[in-house]
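Structure first, then comments.
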Amino acid sequence: MTLSHVLMLASALFCVGVYGLLTRRQAIAILLSVELMANAANLVFIAMSRFRGGVTGQVFALFSLAITVAEVAVGLALVILLYRSHADTRVDLASELKQ
Amino acid sequence: MTPPVLYALVALWTPAIAALLLAILYPLRKKGQPAAVVAILGSLVSLGAAITLFTDRLHDDATHRLVVPWIGSGASTIAEVGVHVDGVSASMLVVVTLVATCVQVFSIGYMHDEPPEAYGRYFTYHALFLFSMNLLVVAPNILQLFAGWELVGVTSYLLIGFYFKKPSAARAAVKAFWVTKFADMGLLFGLLVLFAASGTFGWEPTLSPPVATAVTLLFFLAVVGKSAQFPLHVWLPDAMEGPTPVSALLHAATMVAAGVFLVVRANPLFEQAPITRSIMLGLGAATALFAALLALVQTDIKKTLAYSTCSQLGYMVAALGAGSMLGGFFHLTTHAFFKALLFLAAGSAIHAVHSNEITDMGGLAKRMPLTATAFSVGALALAGVPGLSGFFSKDLVLESVEGKLGNVPYAVLMLTAFLTAFYMGKVVFVAFFGKPSGEKAAHAHESGPSMSGPLVVLMVPTVVAGYFGATFAKVQGEPYHFAFGAGPATASALGLAGIGLAYAVYGRGPRAAVPAPIAMIDRVAKTRAVNRVYEWGFRNVTLVLADGLAFIDRYVVDGLINLLGWGAIEGGRKLRPIQTGLAPDYVLAVVLGVVGLAVWAVFGSWR
Amino acid sequence: MMKSIAFGAIAAVMLATGLMVVSSKNLVRAALWLGAMLLGTAVLYAIMDASFLASVQVLLYVGGVITLMIFGVMITRKHEGLEVPAETMRPSRAMAVSALLFLALAAAVDKTEGLEQELLPAPPTTADLGRAFLVEHVLAFEVLSVLLLGTIVGAIVLARRRDLGAAVGLFPATPPMPTGSVAPTDEEPGSKVAA
Amino acid sequence: MKELQVLWLPLAVVALAVVALLVDLMLPPPRAKQQPAPIVGWLVVFGLVSLLVGTFVYEPTGTAMHGAYRQSYFATYLQRLFLAAGLLGALGGLDDVQKRTPRRQGEFWLMLLSSLVGMTILPGARDLLLIIVAFELMGIPLYIMAAYSKTDAQPTGAGREPKGYAAEAGFKLYLVGATSSAITLFGLALLTGMQGTTKLDLLSQAPLTPLAALGLVFVLGGLGYKIGMVPFHMWVPDTYQGASTPFVAFLSVAPKAAGMSVLASIFLFGLGAQKDVWLPPLAIIAFLSMGVGNLLALPQTDLRRMLGYSGVAQMGYVLVGLAASDAYGLGMVLFFLTGYLFTNLGAFLVLHTTAEAGGGYGFESMSGLSRRSPPLALAMLMFLLSLAGIPFVIGFWAKLYVFLAAWRAGQVALVVSGIVLAVIGLFYYLRILRAAYMTDEGDLPTPKPAPALQLAIGLCFLAVVGLGLWPRGLVEASTRAGAELVAPVQAGQGAGHLTRR
Amino acid sequence: MNSHLLSIIVAAPAIAALFVMLTPQTAKLAIRVWSLIGATISFAGSLVAIRSYDTALGGLQRVEDYPLVPSMGVHLKLAVDGWGGPLLVLTGVILFAGVLASWTVKTRDREFFVLLLVLTAGVFGVFVSQDLLVFFLFYEIAVLPMYVLIGIWGSSHKVPPKGPFKFVWKLFDIGGKQYAAMKLTLMLLVGSAAIMAALFVMYLKAGGTTFDLGVLGATKYDRQTQIVVFPLVWLGFGTLAGVFPFHTWSPDGHASAPTAVSMLHAGVLMKLGAFGVMRIGMVILPEGARFWVPVVGAVAAINVLYGAFAAMSQTDLKYIIAYSSVSHMGIVMLGAATLTPAGWNGAVFQMVAHGIMTGLFFALVGLVYERAHTRAILKMGGFANVMPAVAAFFTLGCLSSLGLPGTAGFVSEFMVFLGAWKSGHYLWAIPGVLGAFVTAIYVLRATRTIFWGEGPSHDFHELSDPKKTEWGALVILGAGLVILGFWPRLILDYIEPGSVEHLGKVLAPVATLARLP
C-alpha cells in the first residue's frame, strides 16, 4: 500500500467519473459522476496527507467535501428547475440556446 | 536692371496683366468690346517695347540678363526664371508681338458677330497666348522655355476648341494637345538629362558627345511635335477648326515656330551633336516634300496653307540641320510675316464667302481688290519670287543645305520650291481670278478697315523684310552676304515655272479634269493613312489597356481584399455549428482542454 | 502487510462500484451504487487512519448526498416508479477521452520519484485537524460558512414554487397566473432567440 | 485586532448582505396592486457606494490569518474594481430585479453580495485553500443568479408552454462550473500534496515533479472556465443569451477580473519560477481565445451572444498581457481589466435598455438608435470604440499597453497574432455601430431606461471617456498595483533586450 | 516657453464640434457658422504658424510639451517644422473649403459637421505632433468619423458582379456606401495594426522610455530590425497613401463619400499616409529606408501608371478623380523614394498641390452632382454652355493635374522626376512622365465629354453656375493652384529646410550634403 497505488486508484476513479460525465444523458446521473470525481480528489488529499505528512491534506479534504456538497445542492435545485421547464431532466433536451 | 531688361519685362508682363484682368473681372470680359480693347492695348504696349528693344540691339550686342531663383533659394537653387535679352530673343520678340497685334486687330472685325461672352473669352485667350509666347522667347534657360512651350500648347488647345459646340473642333483641340503633349515628354526628358549631366538648365554647358546627342535628340522630338514635322504633323491640319486669326497667329507664324526657336536658342548644344543635325536635315527635307504634295490636293484654302506651313517648317528645320542658324531663323521671320498675311487674307475671303472651299470662291479679285493683292503678294513671297522676302530667306536656306548629305535634301527642297509655287498659284487663280462660282462669291465685298488695316501692315514686311537680311544677321552676330549666284537663280526659275504651270492648268477657272499625278496623290491622301495609324493605336492599345487595368483593379485586386473579408466571415460561419447547445458537448470541451493540458504537463517539452 | 491486502480489496470494490454507478441503467440504482462506493472510500480512509474523515464521509456523503440525490430523482419523475431509463450517449468517444486522461495521470505518477515510501509512523490526529481548522485556516472556515449560507438561500430561491410561501401562510397568495399566458413579469416580449 | 482591520472590507460586505436580507424580511408585504419601491436595492447600492468610498479613505496593509491573507495595494485596487462592478451591476439590475420578483428581492441581493465577498477576498488570498473556497463562494451565487430569471418565458413558438431559458443557461454554467471545480480540486490535491504546502509564497521552493506539474495544469484548466478561456468558454454565449441581461453585464466583467487576479496570484506570484510549465499552454490558450472569440462573433445575429464572444476575445488580449508575466505586464492587465469592466458593463446595459424598448436583442433593436435616443447611441458608440480599441477611449490605451507589455517581455509572435485577430474584431463592432447610426428601418419606440439604469450607463460612459482622455492616473495606479504582486523587473533590463526570457 | 498656437489650431475644430453638438438641430445656420468659425480659427492659426516660421533657424519651432502619460514616456508634444507649416495651411484651406462646400447638406447636418470637425482636428494633430504615440493617436482619430460620414451621407453605386471572385457579391453589396465605408475603415485599421507593431519595436528598441520622435530618430537601431520594421511602416501608412496593392479602398471610399468628406479625405488624409511614411518610416529607420527604397519606388511608379490607366476607363466622374488621386499619390511616394532633397521637396510640394487640386475637383463634382443628380459622364454633355465657371475651374484643375507649368502640379512633378533622375533610378522617371501624359489623356477626355459639345440634354433642367457660398471653395482653391504654380517658393522655402534636416538624418552616414540636389 504505497502512495503511488492510492494515486493510481484515485486517478482511475477520476477517469471513471469523467467517463460518466460525458456519457450520461440524465442530469442527475451527471451530478453523480461529478460527485465521483470530487471523491477521487478527496482520496488524493488524504493520501498525500497520510504519506507525506502534514494535516493540511485532511483539512483540504474536509473543505473540498463541503464545497462539493454545496455544489450538489445547487445542482439539484437547477435540475428541478430544468424539469419544471422542460418536463424532463434529459440534458440534450435543453438545447434551444445554440449556434 | 538695364533698360533692355526693363523693356523685356514690360513686353512680357503687359499681356499677362491684360490676361489676368480679363480672367478675373468677369463683368469686363462679359461685355466683349472692352475686353478686346484691353487685350490689344496689352499687345500694343508689348510691341512698342519689343521694337525699342530691337532698335537698341542694333548698336549694343551685350546680352542682358535678369534671373530670380524659382525653385530653391540661395546655394540650393535648382531652377531660375527671368529674362534673357540677346539678338535671338529680341528679334523673335518683334516678330511675335507684331504678328500678334495685327491678328488681334484683324480679329475685331472677324469675330464681331460672336456673342459678347465668347468675344471676351477669345481675347482673354489671345492675351494669355501672347504672354506665354513671350515667356518662351525671353526665357533665360530651357526650363522657362519649356514652361512657355507648354502654356502655348494649352492656349492653342483652348483657341482651337473655341467653337466647343462643334464636336469636330472639340476633337481637333484635344488631338492637338495630346500630340504636342506626347512630343513635349521629349523636352522634359531632355531637361532631366541636361540637368543630371550639367547641373543647370542653361544651353551653355559643353556635354560629352553621347549626352549631347541624347539631349538634342530629345529636344528634337519635341520640335517634331510642336512644329508638326513628318510623323507628328497630323494635328496641324485639324487645328484649322479654330478661328482663322488663330490659325494665322498660332498655326502659321508663332507657335509652330517655337520648335525652330528652341533649336536656335539651344544652338550651342546642337553644335555638339552632328548626328542630330543630320537627322534634322533629312527629316526637314522629307517633311517639306511630303507636306507640299499633300497641299497640292487640298481644296480647303486653310488646309492648303496649313500643309504649306508644314512644308516651310520643313525648310527651316532642314536649314538648322545644315548648321546655318541664321538661315533657319531668317526664314522663320519672313515666313511668319507672309504666312500670317496669307492666312489673314484667306480669313477675310472666308469671312466674305462664308466657306473655306476655294471652289466656292473664284473671281474675288474684282470685288475684294485689297484682299486679292494681299494674298497674291503673300503667295509670290512664299513661292520665292525674287525681290520679295521669301526669295532671300529661302535662298539662304538652299545655300546652307547645298552639298550636304549628297545633295539629296538640296534637290528635294528645290522640287518642293517648285511644288509650293504650283499650289499657291492654283489657290490664287482658282480663288481670286476666273468667274465667281456661286452667288455668295458673286456679291462678296471688301471687308472693313479693321480687317484690311492689318493686311496692309503685314504686306510691308513681306515685301521689304528680305532686304534687311544684313541688319538681321548683324543683330544675330553672324556673317551674311547675298550673291545672286547659280542657286538662287535656279530656285527663282523653278518658282516662276511653278506659277506658270499653275496658270496653265487653273488659269481659266477650275478645270474639270484634274491632272493624273494630282489625282493619284489625292487618292493616297484620302486614305488618311497616318491618322488612322494613330487612331488605331489609341483605340486598340491605350483604351484596351485602360479597360484591362480597371477590370483588374475592380475585380482582381479588390476581389482579393473582399476575399479576405469573405474568408473571415465564412470561417466564422463554419465554426458556428460546433456550438451545439448540448451541455455534454460543453463539458467534453472542458475535458478535452484538460486532457490536452495534462498531456502537455507530462510529456511536454519543459522537462 | 495486512493493510496492503485490505487496500487491494477495497480498491477493487471501489472500482467496481464506480463503474456500476456510471453504467447502470436505472438512476436510483446508480445512486445506491455511488453510496456503496463512498462507503468503500470511508473504509479506505479508516485504513489510512483518517478516522474523523471516515466518519464525516459516511455521515455526510452517504447519508446526506445520496438521500438528496434520490429525492431529486423522485421529484423529477412522473411517478413511474423506480425504473428510470438512463441510456448513455456516444460511449466510444467518452471511453477514449477518459482512457487518455488516465494514461496521462498514470504516466505522471510513475514518472515522479519519491512515492514509494511506506506509511508515516504518526498520522495526524483529529485534534491536530481541529487546531489547523481554527488556527491556520480560520478565514477559509468563515468564508465557507458564508458559502453555505449563500447556497442554502440560493437553492431555495431556485427550487421553490411561487406560492410556496402562501401555502405555508407566510403571505397572501398572488392571483393565479392565467394559464398559457406569459408570466406577469415579462421582460423580453418581443425577443426572438435566433438560432 | 490588527488582522480584522486588514479584512475590514470582506466583513463589511457580509454585514451589508445580512442587513439587506433582514431589511427585506422586515418590510411589510406590499399591497397586491401598486409596485413596491426597491428599497432593498437602493440600500445595497448605497452600502456599496459607502464601501467604495471607504476603500479610498481607509487603506490598511499587512498580512492576517497566519499569512493566509495579505492586504496590499494590489488587493485594494482589485477590491475597488469589484465594488465598482458590483455597484454598477446592482444599479443596472435594480429595476430588472424589481420587475421580476416584486415581493421578495432580498435573496438576489444576498447572492450578489455573497459573490462580492468571495471576490474581495480572492486578490489578497495567499493560501490555496482560501483561494479555492473564495473562488467557489464567488462562483455558486453566480449559478443561482444566472437561473434567477426562471419565471420569465420567451415565447418559443406555437403551442409549447413558455420555457425559461434562464434554467437552461444556469444549468449549462453550473455543469461546466461543477466539472471545473472538481478538476481544480483534483489539481490542487496533487499540487499541494507534492509541494507540501498550501502557502503561495512557499509553493515554488520544492522542484516541480511531473505529478505537481499535472496538478498545476489541472488548476489552470479548472480556473479557466470563469475567464472564458477557449476550450472552457462554451457556456459563455448560451448563458449570456439565456440569463437576464443586467446580471450578464455583471457576470461578463467582475468574475473575469477575479479569475484573472487568481491566475496572477497563483501563477505569477506563486509559481513564477516554474514559468516554462504554464507559460506555453497559457500562450496557446490566449491565441485560441482571441481567434475563436473574434471568428465566432462574426456570424452572430444575437447581440448578447456576439458580446459574449467578444468578451472571450478580450480575455484573450488580457491573457497575452498575463503571458508577459512581469510586473509591467500585470500592471497593464489590471489597466485593461478596469477599462474592460466599464466598457462591457455599459454595453450590456445599453443592450438591455434597447431590448426593453421592444427591439429584441438582434441588430433591429439598435437600428436608428441615434435618432431615437442620441445619448444612448453616443454611449454605445463609446463602448464599441473602447472594445474595438479606437482612440480617445480607454480601450485604445488598454489594448495598446497590453500588447506593448507583452512585446516588451518577448511574446512577439503572440502579439502579432493578437493584432491581426483584433482586426477581425473591428468588423462586428462596426456592424453594431452601423445598425445604430446608419440603418433606420424599424419604427421602434424611444428606449426610456429607469433612472438607476440611466445612472449606471452614465457612470460607465464617463469612466470610459474620462479615462480615455486622461489615462495617466489609472496607468500609474495599475503599474503600482502590478509591481506589488510580482517583484518589479528593472525597467532597463526588462525592455532592453528582446530575447525570450 | 510653451506658445499655445499649435494647440489652438488642433483644438479649434474640436471645440467648434462641441459647440455644434450643443446647438439645437433646428438652428441650421448656427451650426454652419460655428463650424466656419472653427475652420477659420485653425486656418488663420496655420497661416500665422507658417508666416512666423523662421526658415533660417529651421528645426522644430513653437514647441509645446504637456505630459500625457509620463510613466510610459508619452508626451503631448506639438511643434511645427519645415513640412508641418505648409501641410497645416493645406488642411486649413481644405477644411475651410469643405465647410463652404457642404453648406447645403440637408439630412442630420449637425452630426455631419461634428464628425467633419473631429476628423480635421485629428489631421491637424498628426502634422504637428512630435510624439510617436500621440502621432498614432491622432492618426487613428481620423479613421472613425470617415466610417460614419460615408456610411450615412454617402451615395451608393451599382457594380455588376464579374471576375474570378463573383461569389463575394452574395455577401457584400459591392459599391454600396456602407460597403465602401466598411472596407475603407477596415483596410485603414489593418494598416494601423501594422503601424502599431512597428511602433512597439521602435519604442522598445530605443530603451522603452520615451516616444519622442526626436529621440527615436536619433537612436541607432540595428540594421536587421530596420529592414524588418520599415515595410510595416511603409505598408501601414501606405494603405492610407494609396500604395498599390492596398489602394482599392480609395476609389470606392471617395466615390461614395459626400463632397466635403472626399475633399478632406483625398485632399488631406492621403497625405497623412505619405507624411507618415516619410516622417516616421524614413527618418527613424534610415537603413531600412535605404534598403527598401527600390521597392517603394517601383511600386510608386506602378501606382502612377496604374491609377492613370484605370481612371481612363471609368465612366463615373468621382471614380475618375479617385483613381487620379491614387495616381498622384504615386508621385508623392516616388518623390519620397528618391531620398534626394529635390525628390523630397517635390513629394511634400505635391502633397500640398494635389491636396488643393483634389479639393477643387471634388468641390466641382459636388456642384455638378447636386445639379445634375448623376455622375455618369456619358449622359452629360455641353455643360459649359450653362455652367461656364464650373467648366473653367474644372479645366484649371485638369491642367494642374496633368502638370502644366504655371500650375502647382508641374512644380512638384518636375522636382520629383528630377529627384528620381538624380538618385540614379532613371527607370522611375519614365513611368512618371508617361503617367503625366496619360493623365492628360483621361483628364481632357473627361472635360470634353462633360463640358464641350452641344447644349446639355433636356433632362438636366436645373444646371446653373455656383451660387454665393459655393464660389468661396472654388476661388480659394483655384487661386491657390495658380499662385503656387507661378511662385512655388511661397511654400518651398519652408519645405526646403524641413527636407534637408530630415534627409540629413537619413543619408548622414552615406553622403554629406555638399550641394543641395
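First chain written, first letter: the chains are A, B, C, D and E, and each begins at residue 1.
Going forward, a residue touches a chain if its C-beta (ideal position, glycine included) is under 8 Å from a C-beta of that chain, and two chains touch if they have at least 3 such contacts.
For clarity, every value in this text was computed on a predicted model and none was experimentally measured.
Looking at chain C and chain E, the chains that touch each of them are B, D.
Centroid distances built from C-alpha atoms place C farthest away from chain E.
Each chain gets a centre from its C-alpha atoms; the one nearest the centre of all protein C-alpha atoms is E. Ranked by number of C-beta pairs in contact, the top chain pair is A-C. With centres computed as the average of Cα coordinates, no chain lies farther from chain B than C.
Remark: chain A and chain C have CA centroids separated by 5 Å (rounded to whole angstrom). Each chain gets one centre point, the mean of its Cα atoms, and the points for chain C and chain D are 28 Å apart. Chain B and chain D have centres, each the mean of its CA atoms, that are 77 Å apart.
Multi-chain contact residues of chain D (touching two or more other chains) are listed as 129, 133, 136, 140, 143-144, 147, 150, 156, 165, 170-172, 175, 179, 183, 194, 210-211, 213-214, 237-238, 241, 427. In chain B, 565, 569, 576, 579, 581, 583-584, 587-588, 591-592, 594, 598, 601-602 are the positions where the chain touches two or more neighbouring chains simultaneously. Contacts with at least two other chains are made by residues 89, 93-94, 97, 101, 104-105, 107-109, 111, 115, 136-137, 140, 144, 147, 151, 154-156, 158, 193 of chain C. Per the contact rule defined earlier, chains pair up in contact as A-B, A-C, A-D, B-C, B-D, B-E, C-D, D-E. Remark: chain B residues 584, 588, 591-592, 594-595, 598-599, 601-603 touch chain C in the complex.
Residues 159, 162-165, 167-168, 171-172, 174, 183, 186-187, 245-246, 248-249, 251-252, 306, 309-314, 341-342, 345, 382, 384-385, 388, 399, 402, 404-406, 410-411, 414-415, 417-418, 421-422, 429, 433-434, 436-438, 440-442, 444-445, 448, 451-455, 487-489, 492-493, 496, 500, 515-517 of chain E are the ones that touch chain B when the two sit in their complex.
Partner chain B is touched in their complex by these residues of chain D: 171-172, 175-176, 179-180, 183, 210, 213-214, 216-218, 220-222, 224-225, 229-232, 234-235, 237-238, 276-277, 280-281, 292, 295-299, 424, 427.
If you check the complex, the residues on chain A that touch chain D are 7, 14, 17, 21, 27, 30-31, 34, 37-38, 40-42, 44-45, 47-49, 52-54, 56-57, 59-60, 63-64, 67-68, 70-71, 74-75, 77-79, 81-82, 84-86, 91, 94-98. Of all the residues in chain E, the ones that touch chain D in their complex are 67-72, 111, 133, 137-138, 140-141, 143-144, 147-148, 151-152, 178, 181-182, 185-186, 189-190, 193, 196-197, 200-201, 203-205, 207-209.
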